[in-house]
Amino acid sequence: MTSKTISLNQLVAWLNKFSELVSAQCNYLTDLDAAIGDADHGTNMVRGMTAVMNAITAAPPSTIGDLFKVVGMTLVSTVGGASGPLYGTFFLRMGVTSGAVSELNGAQLLMALNAGMEGVVARGKPLANDKTLFDALAPALHAFAISLNSCHSLSDAALAAQTAAAVGRDATASLIARKGRASYLGERSIGHIDPGSASTALLFEAFAEVFSGE
Amino acid sequence: MKKLINAPDNLVADALLGLAEATTELQIDHKNRIIYRAEPKQKGKVALISGGGSGHEPLHGGYVGLGMLDAACAGEVFTSPTPDQMLAATKQVDTAAGVLYIVKNYTGDIMNFEMAAELATSETGINVLSVVTNDDVAVQDSLYTAGRRGVGVTVLLEKIVGAAAEEGQDLSTLSTLARDINNNGRSMGIALTSCTVPAVGKPTFDLPDNEMEIGIGIHGEPGRHRLPLGTAREIAEQLVEPILADFNFTSRPVIVMLNGMGASPLIELYLMYGEVAKILKRSGINVARNLIGNYITALDMAGCSVTLLSVDDQMIKLWDAPVKTLGLRWGI
Amino acid sequence: MKKLINAPDNLVADALLGLAEATTELQIDHKNRIIYRAEPKQKGKVALISGGGSGHEPLHGGYVGLGMLDAACAGEVFTSPTPDQMLAATKQVDTAAGVLYIVKNYTGDIMNFEMAAELATSETGINVLSVVTNDDVAVQDSLYTAGRRGVGVTVLLEKIVGAAAEEGQDLSTLSTLARDINNNGRSMGIALTSCTVPAVGKPTFDLPDNEMEIGIGIHGEPGRHRLPLGTAREIAEQLVEPILADFNFTSRPVIVMLNGMGASPLIELYLMYGEVAKILKRSGINVARNLIGNYITALDMAGCSVTLLSVDDQMIKLWDAPVKTLGLRWGI
Amino acid sequence: MTSKTISLNQLVAWLNKFSELVSAQCNYLTDLDAAIGDADHGTNMVRGMTAVMNAITAAPPSTIGDLFKVVGMTLVSTVGGASGPLYGTFFLRMGVTSGAVSELNGAQLLMALNAGMEGVVARGKPLANDKTLFDALAPALHAFAISLNSCHSLSDAALAAQTAAAVGRDATASLIARKGRASYLGERSIGHIDPGSASTALLFEAFAEVFSGE
């Protein structure tokens, strides 16, 4: 496993990139939600990530633990809907697991991400193939872990995570939704990508971009 | 998109400003988007909080007042409010008798209210119970979905449980009553047109001129299936039959709500009520009380929903008790 | 055309069937299309009759009941009812104290109520007086038009004069009060979309997506002019300024009605009320009471109207008096 | 003036033809009303004339006075709106003036029609060029009178009335409405034919058709 460390600033850059991507893809995310949900996923994520970037710019957190806690709390308190508690809990748990440190190594980052995912599972009880953001998140973390464990670079591991998230996102199209609003549609949800999996894929697109070359 | 708004992003904030001007009986925390009674409940009585995405007016802000809710948390359009809002409301309205959350069954609402209850318990020690409404028969109640949506029964529940809270019933009794009401209520809705979410600017779904969407929720979610546009009589069948197939409403009197989705005029709702009443009569169902109008809406969707609630004498008594809110008022 | 109806020709008849099921407090003569109170007024009190074309619900049938009207005559959609209906209603509700007709100023309504009054006098000897509302500032009040239309003030007048009739005031006093109310009230409306008359099946006027129609009536008549679609703030100006230019509302308190035309959801009406209240505040106008909702509609038209009524203490007292109708209810 | 007499049956035929024409032209009349009114003139007239034909078929009146009175009362009690009292009063006054006779000569018919028009004026107070049905009715009766007084045949007089009504109807297009709903539009009413004048033109089209060859 790579011994490269990840700084607080890099993590801020990740969040910043994620914020840029959801803003750029706002209509796309909302259109996905219009097809099988209630047409607000893009505006929800943009509202949340804009608030996050404002919060951490106004009062830059001094530890990684604090950073993720501020991110999580800001998402919880500004997003609402399903994605607010899910993304919020994800980052809150990452914060608790990261602790009051100023850098993380790959293994520690993986641990924090996994803790975040456990938070998502605790909140939303998604199972694999329920057609939720979990179907992008779980494969992404799985790919990230395998790559790191195979002693690939952080950059390669992040790329693997990005790819897995994108594959996971695309694979939601053929699933019947069993969680969230889309589940009301039953069979009619087939053929549409899950909006949350698409925003999660953006999270890992931002991830790969920031850690490329590391 | 043609709406009486200033800008899509300001809709909720501006509507709350209007609500604040509408009556001195409400007090509005604009920062937290919470609607309170101006005159708080007497000490020792359980407080009721509800909330959800905006766009369903008068639900929930229009149901804050004597005999109904103590506070309503307003989310963005069709987006659950956040735990912070619910926590702030909880601290504000608790009179030391505990707080009941009335939550419509949507993943977002459930999770946000859950987080609020966790925070309330750990931060304040206030006794919080939650009741979840899930009365929409359009959705299969199976392990393979998020479960039935909470729709029309929420209105009836807020009224009846609100009256019981005003009587001074305790938290666990109220929570049992609320659950009992939810278990005895069923709803079903149809849309003639999609609504348009202001931030999106175009209809959520396309519905051809000769089709209607059966089994819609209150968020512009597509329904279960489409049918050729029917007559009011056929639509009434489409609404009432699945409700009656799901629950036996012949054993006790019922409260019926014929609810407009926001853009269907009252003359059509009166007419629809007549068609629904005919089917109920034919099915041996005894209507004790009714409501006809826009009570739980989906922005500018044209269409309607039917809610039936099987009630006992006590519930009817509580239904008839005085209520003074923007959305429902009688006896005072 | 997408409506919750069975057939365009049956709309009015079917809606009356629904109304009959809605409440035991109304009694409906389906043949003559008259809505009565089930429990008639006490002997010796003046009875109030109104009526007009259908499509404006809850006006007028929804305002029959304790503290408001004694009977409402329903015409075809947007078509004045006939003298026969009014005559039958007159005979039915008179308690020997005389009958007041409340007529909105439209040529058809005026002529039909006039014929009814002639027939009532010649055939029955019942003492009939008429009051005509004409509060719509969108129309020039000149010799060269049919005069201003009667719109929102009609609702406020029916409430206030209804309360006075319930108090036992005599016919000439009531007719003076009614005229006084009409003289002190002004309204103005705008449309975002045209309504669709069921028998016609297509919108009465075409309104491009980026335009609004200023100064519309309640029958889908085109307005005075078109403007680019404005914000709620701009629309509020367009509504309130012509009203304030026409009458001085600063000297006494006012009752404000922010009325939806039928297809505009409540969240937008709350928001619009906020914008209107801001202008009134800035103009030094003191709002004593308000109504926000669908009270006098134009089928499925999206849009709204504002009505201001300058009131004295007596009118406020009568406004606050108990009323129990489908459309307005408080104090009972 | 022609000495030809007009029978009750011919007058029934006139009404019948008028009823057919308004039914055939229902949409046209309503479209005219949609432009400057409330889109109901066609349905109003069809409802009224259908009721009229039903009434006089069910219980055929035995005198011309009775015929017109039944027509007028039926219109008053089934049409509503502005046209109900106007057309209703028109026929009621025709009935009173005709009296209990079984035939009319041309002069008598003219007298009855003029009485009907006076009823319209008493009810609606229309002036010439107010853009109402009066602008078709008045020229039609004027032309009818002149033709009869010039000893033309009933057929020719009826044709003159038809032409004058049609000209009057068309001339309403350039007028500003000063009565009825269209007056709310002010200047915007210019360019549209008045719906009531169009139904009145149909009344005289039916008239000319029934009396052609007399």
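Worth a mention:
Per-chain numbering from 1; labels A, B, C and D assigned in written order.
By our rule, a residue touches a chain if its C-beta (ideal position, glycine included) is under 8 Å from a C-beta of that chain, and two chains touch if they have at least 3 such contacts.
If you're wondering where the values come from, they're calculated on a predicted model, not measured in any experiment.
Counting only contacts among the remaining chains, removing subunit B from consideration leaves the groups A | C, D. More C-beta pairs touch across the B-C interface than across any other pair of chains. Chain centres here are means of the Cα atoms, and by that rule the chain farthest away from subunit B is D. Centre-to-centre, using mean CA coordinates, subunit A is 32 Å away from subunit B. Distance from the subunit B centre to the subunit D centre is 55 Å, each centre being the mean of its Cα atoms.
Here the CA centre of subunit B is 29 Å from the CA centre of subunit C.
For subunit C, residues touching at least two other chains: there are none. If you sketch which chains touch which, the chains link end to end in a single open path, with no loop closing it. Pairwise chain contacts present here: A-B, B-C, C-D [touch as defined].
Here subunit A touches subunit B in the complex through residues 30, 34-40, 43-44, 47, 76-86, 123-124, 176-181, 183-186, 188, going by the rule given at the top.
Taken in their complex, subunit C has these residues touching subunit B: 2-7, 11, 14-23, 54-55, 57-58, 62, 192-193, 209, 212, 229, 231-233, 235, 262-275, 277-278, 290, 292, 294, 297, 299-300, 302-304, 326, 329-332. Note for the complex: subunit C touches subunit D at residues 53, 75-84, 106-108, 111-112, 114-115, 138-140, 144-146, 149, 197, 199-200, 204-205, 217, 219-222, 224-225.
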